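Across the two complexes that follow, chain A remains constant while its partner is chain B and subsequently chain C.
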Partner chain A sequence: MSGEGEIVVIGVGLAGLVAALRLAEGGRRVRVLAKGVGSTHLSGATVDVLGYAPFRVRSPAATLPEFAVANPHHPYALMGTAVVDDAVTWLKGRLSNPRYVGDLRRNFLLPTALGVAKPTAVAPQTMAVGDLTHGGCFVIVGLPGLKDFYPALVAGNLGSTVGIAGEAIEARAVDVDLTLDGRVDVGPLAYARRLDDPAFRAQLAARLHGRLGADDMVGLPAVLGLTDAEQAWEELEARLERPVFEIPTLPPSVPGVRLYGALSGALHRLGVSVTIGGEVLGAETHGGRVTGVHTETANGVRFHAAAGVVLATGGWAAGGLEMDSHWVVREPVLGLPVTGIPGGGRRFLPGYFDHHPLASTGVAVEGSLRPVDGDGRVVFTNVRVAGATLAGAEPWKEKSGDGLSLSTGYHAAMSMLAEED
Partner chain B sequence: MEDLIRASLDHCIKCTICETVCPVAQVTPLFPGPKYEGPQAERFRLPSGSADASVDYCSGCGLCTQVCPQGVKIAEINSRARAHFKAQKGVSVRDRILARPGLTGRLGTPVAPLANRVMANGTARRLMEKAVGVHHAAPVPVYAGHSFQRWARHHERHASPRLDGRSVVYFHGCSVNWFEPDLGRMVVAVLEHNGVEVKMPRQDCCGLPLQSNGLFDAARRALGRLARDLSAGSAGHAVVASSTSCGVMLKREGREILGLDDDETLRAVGARTFDVCEYLLDLHGQGLLDTGFRPLPLTVIYHAACQQRGHSMGTPALELLRLVPELEVIRSEADCCGMAGTYGLKKEKYDIGMAVGERLFEQVRRVGPDAVACDGETCRWQITKATGRASVHPVELLFRAYGLEL
Partner chain C sequence: MESIETEVLVVGGGATGLGVARDAAMRGFATVLVERKDLAEGTTGRYHGLLHSGGRYAVKDPRAARECAAENAILRRVAADSIEDTGGLFVTTPWDDVTFGDRFLAGCADTGVGVEEIDVADALRREPAVNAGIRRAFLVADASMDAWKLVWACARSAEQHGARILTYRRVVEVLRAADTVAGVVVVDSRSDEEMTIHARMTVNATGAWAGQLAALAGCRPVEVVPGKGIMIAMNHRIVNTVVNRCTMPSDGDIIVPIRTVSVVGTTDSPVADPDQLEVTQAEVDHMLDEGEKLVPGFRHARALRVWAGARPLFGARPPGDDDTRDITRAHALIDHAERDGIGGFVTITGGKATTFRLMAEETVDLVCRALDAGGPRPCRTAVEALPDSEPGAYYSVGSRLARREAHLLDDQLVCECELVSRQTLEEAVERRPTANLDDVRRALRLGMGPCQGGFCTYRATGIFHRLERLDQVTANTALLDFLQERWKGVHPILYGDQLRQARLDDWIYQGLMDVEHLPAVAAAAIGSVA
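Let's look at the complex of A and B:
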């Protein structure tokens, strides 16, 4: 099929990366265009498929069918939940440093930077070791000068948590005395780069020597190496003779940067052109199809002809959806209809955690992720929408963000590939 | 325009994405990173400028602006803060020299053998480091001894290219004129081979080195003059540039960083400026590029330099090289070679530049390619100096694959 025209994927968050890679693997010519780097760098890079529905989900596989029935407009329901499983399997096959473990049969409970137990289906094995499901003894290690990571806070909150059958969780904090060139204000990436160096890892292990209990599991901020995390993690486990796990930090997220590196590296190897810093300003359309897009360049506008488009521009924060002060909402790239805007009346709700309709506002789609209008008619036959731009999900509440991006990105690619055969 | 750049800082959501790419902050604690140096510090600066010395460590590579998902003009904010800083502190003799490749080219070319011997002499380079602060090990170009312009004037009079009615103006820049005239000849040959008439009006520096060394007024004069030189007699033809950094100066930086948005000639010339590979790939898109390349059984690493990325045009060089049979093109894994214009030449920044480039150098050592292809001239010099591998402009590979000869 490579003789056909080019597919333009807009956005380099997880959804865009996955769609582009799956299409390129399927033999399509693909071009990726993005305004900037996407939310991988802000994400813990675990694949949260379904964490709450509304109670904490033990097994996404078991819960998804009823969840789909209860939420018929949710992307999982529209695509069919089997897609999620396929997408997870596909992604795991592409990540090796670090490898990803877990599946939809059961969620891990992994500690966050605040020490909260977060349900997630698939995670880097460097993190999955920290599973709190059955309780245990945890030591949380703080690194000097590392911004926004407070081991006492993590340990304190973990200590007031229990495993799923009420198993006790013991947690304490230790700080190691290990300075990074005497710096007092260090970002996660600076530590990660230093921990790519075996000598620095040995120093870290030496400073922890004698400070760990026999049954301790050792939690560190997720900075165990940038280019060779698998090696760094294995080596620390061997040196400390205890299970070692990473806890996601505040941005920039080292696991997210690794994930981005793995997927964008795979795109480069397949010869996919990725342009970052060239915002897509709009599209040309003809007869219910998008024929190409306009991007901003250093001195004007460039047209890229497109046989198909995957729109993965993100939600509110990323600029994939915009709203003005009159509550007029738009999808700025293709001008797709946006559904779910609350009408007049009470637009603001008092509680932060109240159910706010804007949370599931977005572009409505049909089963193959083609955008539809208010009457359910497909707007552009050769467009697929993936990721946080989609209507019908409340990722922050469901704990489904990366799972949605992964599975919709994957399904967008698969349905485009299937259409040709 | 200047106000739009400053106002963009309000779009910053502190996501830290820019921090993840800054090549300088990765290797030295002397630079606090784009988020701090850019939108955060700018908010507290006086309109007349009150930046501290750390701003001088920003290499101006522009990667931060490219990755910022919110459209904050971080590198441009830093560039202007640096100019203010230098205006207050005074620009060193060294920076004034590096800022004027046209002048040094003109002085060095008649005495090229001598100048080149001096530049290759370790003692002389150490003296030069002491006297003016150009690091003794930094790559300096070799004077060709004859200017490209001289050849061009002769060529324009005598050549009779196969014409298809398309004409372009070639903006060759200082480096082709004084140091790499053969590259200029290859660019002309490849364009003419594809039926494009190439006009080469007299022209001087675009002002980019002046700008990056904080000499904004002189940079404005240089760029304005260049725009008029390229515009005169070009009858609206496309302007084709073989230096990505100088090309982006015409396209965008002059308007955005130097605030020359009201210069009508610059606007018009900038709007019809193309990087040479961008132009050739467009020809290919229209079915007008000769794709009868001979096999070139070589392995090359293609490095998209930071200033190449500033064009936001994708990687046309890579797409062109992939048309050449048997040419294996591996993409560079690095964002920056560490040179960033003249940054890596400077005594106090040489080590930073080399540390920045290490990711690329390491890949070059590991892969051991026949050559490294890169669109930026100072990057090529840096790569060759650091790795001992040949480096070429992508057009040189096309030239060879066409079987052309100088």
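Let's look at the complex of A and C:
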């Protein structure tokens, strides 16, 4: 692969951001094209590497090797599981506000907005404090008008959960009387912006004063500041003199917006152009390579020459995979072969939690994440596929979504950089 | 065991049953209605929402056409608030016989169905999405009717006249005293408690289930064939007028604009059990193909939800004939005293939502005669408007938006798709102390818009739980039931944007919230934790 040309990364979800940043750090010229902002704004911004396989995973590091053997077509198996560790270490080195903590040796059990203890390997430290692994006393705080977080529901379910050795979890909910100028219909971002203001944080702390027990850990919806979460969190812990943690709300995800800001900011500092609203319509190909892509712009269709392409357009939810009313499945950008399409019969089963035939459909790849056809032949030698577009995984069931995006984005970049040498 | 007495007992909480209960109560009978689930959970809540002009039956089924035409005019007066005056078009598509239009006009004239043939160009101006290749167009008085609203209005009116409406009561036994039905025993499906209801007259208004209740009563078989019809709700108002194909009734020949969606329907196939209505892929494909004929590009529109209802088709099944459409759509009133020598019991079945009021009137007339009510008790349902319909204004599709705009700053929006506010939700909960999330869904259309509950399922659970209406386990179960209920209606039509939406909802509930491992269900749904 030529070291001169530009790599086009398509998609600004976690996979695309990671691939672009790693490539740029490796000295490649990179251009990022995306239809819109990606998965970060939806996800809780925790790095769930492997939560269930199918039983709850205590240590991803210990479980991944056997998981790879049992699931040979899973991206983790194709890349080799050591990549995951490297990718996690790399990411943690790039995030400072808030910092990310944890590793593959053991999963945290972090409360969700339903009060379920979700296994996750790496998380912002603003969340990791809420680890339920060893039980404890938790106060879950509700903010008035915020419709995307219900503290009593969280506390109720936490109360019927136990730590891994059966440690008790006590949880209760409190509502604080601190409105946003009396507004009754508030989304998470509005609270987050206001909590960037130290004066508002002081008000929040004051409203909680006297309502907390000595051993309480204080859980809040994940709205502790948009631009300086680390500061907001530290300050609140100091004021309350107790551990404070965030719990992801319904989207839009404040921690996800922070994550996007951190990674896109790093791209910006390296001079990488990120175009949102630049939907890729298709590609030019020659001799088994993609030579460039066409994007939609306000001024008509534009061509971007590409020495290589990282396709990180996401799965069904993001539009990276599509199925029409005749049940024809396609990958719309490069027209890559899609594997695992259920034949003839049903794509979905009647039970919501059933194992649906379409669940792990996607683009098949080889070990360096180059797309392959049904016979295992590489389709385009200069293309890498990363993230939810990939076949063979069930990210939501496995609780592996961000882990897959991170590690495949990272590996796509590494394999491109390696090829150059 | 609780035991109550009444004069008239109505079994079945669909349009027919509520119509009977209201009519009987208005005529001064002590009345009780029992329904095994929630009101309008059966066929009434699962139809396409068409208030027939009668045009559909003008050629094939003159009696049904006549009844529809008359009832259409009556309901527009007494149930205006449940009706959107969309008007209806019958169009001759390139697949239809042009001369059928002449038979159609003649049939309408014979049966009193108002109709006007209009220029194709005028029809296309009115409905630009309709196939430009249509060759004839006829304007009729079709409209869309909100069946839930209608049934609830009947229930409120019945209660105002002293009736008791008991939902979630399943009949487990029909009481017999010699040659007379003396009432029923019901079980409350929520508390498992039994209740005996003694009645002088029991009305079997169970529609497609009428044969089952008649059998419990020990009558000779009531020949009701459940005719399965599937319907697909498409996002947006693809059309704003009801659009029918001008041909003999067939599959997928009608699109009904109702509230914020357009419903394409329907199929018609006999089934053995009205509780087992599976939607097949072939049926979905067939509906989409037929929709495409009426509105080109139909397949590119977003399908929101598919469901099936069981029409009660009365009459012996023609041997070897799989198409139940040949059975008359007019109704049947059976006096079991006359037919079987069993007193105190009548069955009203067949018919259709449009004629529910007439069916009720005839039924209560019979009840009056049977109970020898001591002088005439005239029916007033054709003249007395339902609550909320007194002003006589039709329902307007913009009404929710208007309400939302009026409370933009002082109320919270819980369901963005269907504009359900928190206050509306909390009021609905207060009004119906036993309601579950799914009942509220039907009452408010919560979670019935494009995102199919993606956001509001969590919010509504949180709000219910916060009102201390649901304990923890119940809240968890309600949330899971709601997800399953939504899934039931979307999984057969998951393609295009709705597939995208469904995966986004999975992302939220499974990826973000780990709903599979809610304490109440972890063991059952997923397997125990290692």
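The working rule: the second predicted complex is superposed on the first by the 415 of 421 C-alpha atoms of A that agree within 3 Å, B and C clash if a C-alpha of one lies under 4 Å from a C-alpha of the other, contacts with A are read in each partner's own complex, and residues count from 1 in each chain.
Here, a residue touches a chain if its C-beta (ideal position, glycine included) is under 8 Å from a C-beta of that chain, and two chains touch if they have at least 3 such contacts.
Keep in mind that what you see is a predicted model, and the values were worked out from it rather than measured.
Chemist: Chain A superposed: clash or fit between chain B and chain C?
Modeler: With chain A as the common anchor, chain B and chain C both fit in the superposed model.
Chemist: Which partner chains sit in contact with A:W396 here, chain B, chain C, both or neither? Use first/second/both/neither.
Modeler: second
Chemist: Touch test for A:P251: chain B only (first), chain C only (second), both, or neither?
Modeler: The answer is both, since A:P251 touches chain B and chain C.
Chemist: Per the contact definition in the header, classify A:N157: touching chain B only (first), chain C only (second), both, or neither.
Modeler: In the superposition, A:N157 touches chain C alone.
Chemist: Of chain B and chain C, which one touches more residues of chain A?
Modeler: Residues of chain A touched, chain B against chain C: more for C.
Chemist: Considering only the touch criterion stated at the top, classify A:G187 as touching first (chain B), second (chain C), both, or neither.
Modeler: first
Chemist: Looking at A:S273, would you say it contacts chain B, chain C, both, or neither? Reply first, second, both or neither.
Modeler: first
Chemist: Give one of first, second, both or neither to describe whether A:A317 is in contact with chain B, with chain C, with both, or with none.
Modeler: In the superposed model, A:A317 contacts both chain B and chain C.
Chemist: Applying the document's definition of touch, where does A:A298 land relative to chain B and chain C: first, second, both, or neither?
Modeler: After superposition on chain A, A:A298 lies in contact with chain B alone.
Chemist: State the minimum pairwise Cα distance, in Å, between chain B and chain C in the overlaid complexes.
Modeler: Checking C-alpha atoms only, chain B sits 5 Å from chain C at its nearest point.
Chemist: Please report the chain A residues shared by its interface with chain B and its interface with chain C.
Modeler: On chain A, the overlap between the chain B and chain C contacts is residues 42, 183, 251, 317-319.
Chemist: In their shared complex, at which residues does chain A touch chain B?
Modeler: For chain A paired with chain B, touching residues are 31, 35-38, 41-42, 181, 183, 187, 189-190, 193, 251-252, 257, 265, 268-269, 271, 273, 275-279, 295-300, 302, 317-319.
Chemist: Enumerate the contact residues on chain B facing chain A in the complex.
Modeler: Those residues of chain B that touch chain A are 13, 15-17, 19-21, 26, 29, 33, 65-71, 248, 250-252, 270-271, 273, 309-315, 318-319, 322, 331, 333.
Chemist: Enumerate the contact residues on chain A facing chain C in the complex.
Modeler: For this pair, the touching residues of chain A are 42-44, 48, 51-52, 54-56, 112-114, 116-118, 145, 147-150, 152-153, 156-157, 159-161, 183-185, 248, 250-251, 253, 315-319, 322-327, 346-353, 395-397, 399, 401.
Chemist: Taking the complex as given, what residues does chain C use to touch chain A?
Modeler: Those residues of chain C that touch chain A are 281, 288, 299-300, 303, 409-414, 422, 455, 458-459, 461-463, 465-466, 472, 475-476, 479-480, 483-484, 486-488, 491-492, 494-496, 499-500, 502-504, 506-508, 510-519, 525-530.
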